[in-house]
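Okay, structure first, notes after.
As written, the chains take the letters A, B and C, and residue 1 is the first residue of each chain.
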Amino acid sequence: MNKTRVNLRENRTPQFQVFSEDQKETIFNGMIRTLEHTGANVHHEEARDLLASNGCRIEGKRAFIPPHLVKKALASLPPVTEVFCWDGDREKKIVIERGRSYFGPGPTPPNFIDIHTLERRPYLKEDARIVSTVVDALPNIDFCESLGTVSDVHPDLAASYEFATMFPNTSKPIVAWSYGWDDSADIHAIAVAEAGGQEAFEKRPNYVHYCEPLSPLVSTFEAVDKVIFAARHGVPVVFTTCALAGGTAPVTAAGIIVQTTAESFLGLVLAQTIRPGLPFFMGGVLSVMDMNAMILTYGAPELCLIMAGATELAHYVGIPLWQTGGCTDSKCLDEQAALEGALSSYFSALSGGDLCHDVGYTESGMTGSIFQTVMMDEAIGYSRRITRGIEVNEDTLATDVIHNVGPDGHYLYEDHTMRHFKTEFWYPTLCDRRNYEEWEAAGAKPMRQRVIDRTHAILGSHTPSAVRPETVEAIRTVMDAAEERIRNNL
Amino acid sequence: MTVEMKSITDSIVKGDLEEAKKLVEQAVEEGVSPDEIVTQGLIVGMETVGEKWKCDEMFLPEVLRSASTMSKAMDIVRKDLSDTVTNMAGTMVIGTVEGDLHDIGKDLAGMIFEGAGYKVVNIGIDQPNEKFVEAVKEHKPDLLGISALLTTTMPRMGEVINSLKEAGIRDEVAVIIGGAPVTQEFADSIGADIYAPNARSGVDRAQAYFKNIA
Amino acid sequence: MKMNQFVNTTPQFRVLSDDQIERIYFSALEVLERVGAEIYNEEALDLFRASDAVVVGDSEARGRVRVPPSMVEEALNFYPSKITLKGRNGERSLFIQKDSAGFGTGSDLPFCYDRETGERRRTGYKDIGMAAKLVDALPNYDFFMSHGIVGDAPNPQTYDRHQFMAMIEQCTKPMVLTSVDGEGLEDLWRMSCLIQGGENEFRLNPMFVAYIEPISPLKNDNSAVEKLLFAAEKGIPAMYTPCPSSGATAPATLAGMLVQSLAETLLAVSLCHLKKPGMPLIMGGVTTLLDMRKSTYSYGAPELALASAANTDISKWLNLLMFSTGGCTDAKVVDEQAAAEMTTNLFYACLSGASLIHDVGYIDSGTNASLESLVLNEEIMGMCRQFCKGINTEEEYLALDLINEIGPGGEFVTTEHTFKHWKEWFLPQLQDRSDYETWVNNGSKSMTDRINERTQHLLDTHEPEPLDEDLHKELVEIMHRADRRHS
């Protein structure tokens, strides 16, 4: 039987593109031009000096980056980066490589949806424990962020407490947010304690550092200080903005991508100058400014499109992308929250946008909801079945099986069915597929109720791994010192 | 080595036909009563399967394999069962009405009833009313299952029941109907005895029906 | 302006490579030649007997037909790659061609939730009228399928004519129609010819596509085949739509299901060619799985979205028009599951380049005709259409000079550029973007509330253009004649 095949080429997964190669080049060239001729304001003297001594033109606060420096920075980026779970779980580690996508919540909303009363209220330290515990349990969430700003501690220590609370409750990598150098150091000390020292940490980093400069083209002191911290300590770093098309960036998708990429690249050049090879992410929260509500929209279809375009540009030049998805402008857990969150999750998965954050953001980023995250865990599972694609081979084509069954037959008894039905199909956890009578008999629950029930079930049953005793001690020491620092500053 | 009823149960849950047949034959040789084999071994096996299916621990293809195993293993001792056991799960005739070629719903229901211990005679698709009457006369089933998937062929279900009346055999069989467009109201309107919203609940409702009239 | 520039004017999406499609195609040809299909129709069997196909079986009314590849390949050359429909509003508005989706509802849904009592009950004539009115009002819907079933028709054998009346009274857009059998299709065609102005006008501006369905696996019953042959004869666009369920009525692998579905399609392709080369045939499918835990035919599964997209890839490779599926869910009510599932499968169907996408608005695995679902999907389709516009990278859109001019720390709200372009974005009708206080002051409405309000508003205020009275009389006469024939 002549089944030897040659010249076979397959789509191993579905193929999705927004841009052609020429379009990516056009945008990249535009970005290079912007950095060279427009530059950015860098509100950090040490950074300006560093850039100057490496070939940048500085005029007052404005730094202009020449193209060759951009290329040099890109050339020193690692093609693959791993971020590890501190309990050594190999399956859950994050491998940053073009085409892989990972998902997690986001930082900083001032409010949180109380998991018992369902009320919207200020975010508390206990919520960080709740979020990290649930994140640890969800199969399709890969990294952790707090979904809030802790309000029941000293404001300057919100970030430190947040990390200290989350870290022991999830072994999944945290993308840490902080105000500046001091709390970055608090966070780093805790992570390093668990890793077993700075050297061990650099070999197997267990968290990512998040820095947010300002659009348009403003590298704030804090953001720059933190990227320098990350570079000096070997922490993979995100340096991205939250830009509003039509507000703090051009109203067009191409324009906002050009500008925000330039904003990220300022940090890229700086970071690579200090530490060539430091893993670095561009991207951000890039969406349109709603002209009625005057807010950055987290649910617009344009968000999905712009983020997908940005992902392609990033991968074109060999840099991973900090994506945004699973989020909504809705004020409650409803159809709007589901459809907006699902849409941005899907396109993040389709475009392979490396780390997709803000899964669980509601009310345009003003309120964190772990319910949203739980609901999106299902959506991400769904989209992962799609990005797996369709396998076409002799076995799956099943012509012999079709022959055996024939018209008038069925496939339920076939060996072929037994072999495939568990792996070929995705089985939902939250989406209901019962017939009407069974669903009604079980209480006629809409999805939102099932989401809430599942969240409570996870919290009631999930136990994360345990950190080392040294880490527990380190957390206590670090937080005591942090409190001391605050007292001394008063 | 004596055959434990549990090993028969396990073979049903696993859907291992060779194993199940071997054990049943061995049990017969050892003098275990067919009644015990069926009620303590085979039926317990399917009840376990039913529980696991409810909790999403087992999936449909696995359930059907178990059902088929159960049915074929039961065939070995079927003729030797006492009346009590035979009445727990008797004979079922099932078919799709004339003008309707849809197969899968009826086949699925048939397989699940087999799993419950019924001997199922599947007369096929596109069956005129007379064929249903003939089959009832020939096989003398306890249960007649009528399937239709189209609103245009649904009325034929009523015609089959009327044909049974005309042949004077309506009272000899319980009629169970199902299919996507069928409802309890429709079942009542044509005089069907049992309405099954899906194949799974069909078995339960049939058992309940027979218990009530006993 | 740069030279040698190749741009993606819209996003690009594809599941299967050419080689993968070809493998599926070859396998389908293999199945058709080796296994064949059952046909329960005399005329079709005669046509096959007179051709190169092999018909096994002595019965006049039933036979197994096996078709050699050459017959299929010849037939494939003849089908049109473009069909245009004109609704009774007189507009040639539905351009059926690849990579340009026309969205529409699905048909024959037995249940709905009563708008007053909330009870789940059977659908009837009035319910179809309400669905028709909504589809007539909502701009993103391009065609209408009944979204309900006339459960209160006097005779199930003629329900299709009544269904058509219910549809045509309240909706002026092109349609996709189900029919009981060949005779039913003929009546629907006669009624439409009256509307279009004669048989020839119907041929040039068809008002509807006939929906016809084989039975998987590989069975073609008499009423389906006679409808297909009638459509071929009169030039009525027709879709032959397998609805296989992977693991039950098709192999448990998506590739295998696509092979079988394609074999079923190619059977129709060969048959229609024998009857009338070049008839307006559309391939299609509702390709999904049987949920192995709940034994239900799933409308929300990712496999539906994935297989439909792959099937669309295949259709384009074969140069056949594609009738795909999207905007549907297994959820029993319009809730978060519904929203997420409908959004996803609608987007994938559109991105894959299908010509028509149906079942938009289906809930409860295609058994419930929710009106709210229609309104929710209007919003989703709007987002989808927006997304498909892609990203423009021309100089004006790149805005380099503007970025330079505004510079670090500036703002773009007051620029001419923003004023010129911001309206190119999607303007939501249902999605709420207000801040929390404003939202609370406006009544803390959830999406469900907004959908319900809008649905009721449209039902209360939209007035479809009424049918001309004389025309209405003539249509009703055809319908009554059919009733009398079957009483």
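The rule is simple: a contact is a pair of C-beta atoms (placed from the backbone, for glycine too) under 8 Å apart; a residue touches a chain by one contact, two chains touch by 3 or more.
Being a predicted model, the structure only gives us computed values, none of them experimental.
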Most distant chain from chain B, judged by the mean position of its C-alpha atoms: A
Pair of chains with maximal C-beta contact number: A-C
Between chain B and chain A, distance of the C-alpha-averaged centres to the nearest whole Å: 53
Inter-centroid spacing, chain C versus chain A (mean Cα positions, whole Å): 36
Residue list for chain A, restricted to those that touch at least two other chains: 408, 410, 412, 417, 421, 435-436, 438
Multi-partner residues of chain B (at least 2 other chains): 59-61, 103-104, 108, 198
Two or more partner chains touched - positions in chain C: 219, 247-249, 252, 292-293, 367
Footprint of chain A on chain B - complex, ascending: 59-62, 64-65, 68, 103-104, 107-108, 111, 125, 197-198, 201
Of all residues in chain B, those that touch chain C in their complex: 53, 56, 59-61, 99, 101-104, 108, 151-152, 154-155, 180-181, 183, 198-200
Interface residues, chain C side, partner chain B - complex: 40, 108, 110, 122, 149, 151, 156-157, 159, 180, 215, 219, 221, 223, 245, 247-249, 252, 290, 292-293, 295, 367
Of all residues in chain A, those that touch chain B in their complex: 408, 410, 412-413, 417-418, 421-422, 435-438
